[in-house]
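As written, the chain order gives the labels A, B, C and D, with residue 1 at the start of each chain.
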Amino acid sequence: MNDFIMAETPVDISALRKVLLFPEAGGFCSFEGWVRQTNEGRAVSGIDYNAFVPLALTEGQAILQEAKQRFAICRATAIHRTGYLSIGETAVWIGVSAAHRDAAFDACRYIIDEIKQRVPIWKNEHYASGETGWVPCHTL
Amino acid sequence: MNDFIMAETPVDISALRKVLLFPEAGGFCSFEGWVRQTNEGRAVSGIDYNAFVPLALTEGQAILQEAKQRFAICRATAIHRTGYLSIGETAVWIGVSAAHRDAAFDACRYIIDEIKQRVPIWKNEHYASGETGWVPCHTL
Amino acid sequence: MLNIELQYFAQLQDEAGRAHERRQTPAPTAAALYDELRDAYGFVLEPARMRVAINSAFAPWDQPLCEGDHVAFIPPVTGG
Amino acid sequence: MLNIELQYFAQLQDEAGRAHERRQTPAPTAAALYDELRDAYGFVLEPARMRVAINSAFAPWDQPLCEGDHVAFIPPVTGG
């Protein structure tokens, strides 16, 4: 089963979280990326996410496998949206359960950092001015 | 308003999460502590959480304020349960929203670490053997 | 003699066999009061491993007690 | 000459004016194919800033192309 999901519509996060519940899990860390109203000082009205889905799925799954090998976690799941998202919508959700919190935090951070660097997804920002623009690269 | 909540019954986490949504928030980190089925090698059937609630509330709120001063976050909320919890139940939930993920992760980690060190809450573990025992101190 | 409201948590509650009591004491400080209670209940925890809360706020062990103070000894916490 | 399936993303899609195309090309490698497409569409991105995917898997720029390969050039990613 693939734990990395590309979704064209909003996903029920509480259902994804339940999959991570294990009797031996004592810590759960999650991260969400939300569409912000400003980027680099420009007013944003929304973001259109363009993705190469087949490659995003294999690369995302590889990241989750790496996290499982590097950190003592029970399970990790991630989902990334495609399509047009308004301000406040969840573009990415990552959940990690582990026996102890160190591994849960470290693995969650690893997964979001790697997703941002490696998974073929691109943001087309829609500005309040009516213009649009591809974000050239990550500034953080 | 107090953002640190002591609760005798399960709390609707999705409602707490909504309070953290701000147009300028681009990252959200949350941590949950779950009751594990084993501790120090002993089989656990559940944990009874005993708390000095008035002091827990002021100390918890102080921790959230410190997090807000130390890290560039939008808002932080935390809730800790009291009473008897079964395996898999959520004993503590922390949510932090921020413009960027560094601050969200760092503040969330700070808050759980400080809660574990300073907030007057005690675990009485109920073992599968029928015995109970106060956890002497944090091992992690 | 002062009237002090005492509240016990965790293993102190088990050892004292109660969660609350009102106690008349000659102890001038929380430190002296804890020594008195160790004699009464055989508390195992060393004060060096604990903190004390007076009227629901952390306080120094040598803070003078006042009539009607609420005192709670805080064993090492284990929440989270 | 090889028949290659091309898929374009992000700014490459805007510059090419299309998301897909089937192209006959003499280019022996993805690197040579990208040079050919830069001449055709005026792509701004330097290949040094990109990766290439052949048949939906990352591949070296100098990997020999085969008849029917699916090729996608991957601009710097910005998801998350």
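We take it that a residue touches a chain if its C-beta (ideal position, glycine included) is under 8 Å from a C-beta of that chain, and two chains touch if they have at least 3 such contacts.
Just so you know, these numbers come straight off a predicted model, no measurement behind them.
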Least hop count linking chain A to chain C through chains in contact: 2
Chain whose average C-alpha position is farthest from chain A's own: C
CA centroid of chain B to CA centroid of chain D, Å: 49
Separation of mean Cα positions, chain B and chain A [Å, integer]: 23
Approximate Å spacing (C-alpha centroids) for the pair chain C, chain D: 74
Residues of chain A touching at least two other chains: 33, 112
Pairwise chain contacts, counting only pairs that touch as defined: A-B, A-D, B-C
Chain C-touching residues of chain B, taken from the complex the two chains share: 33, 49-52, 54-56, 58-59, 80, 91-92, 112, 115-124, 134-138
Chain B to chain A touching residues, read off their complex: 14, 21, 23-38, 87-88, 97, 99-102, 104-105, 108-109, 112, 140
Complex contact set, residues of chain D against chain A: 7, 9-11, 13-14, 53, 56-58, 72, 74-80
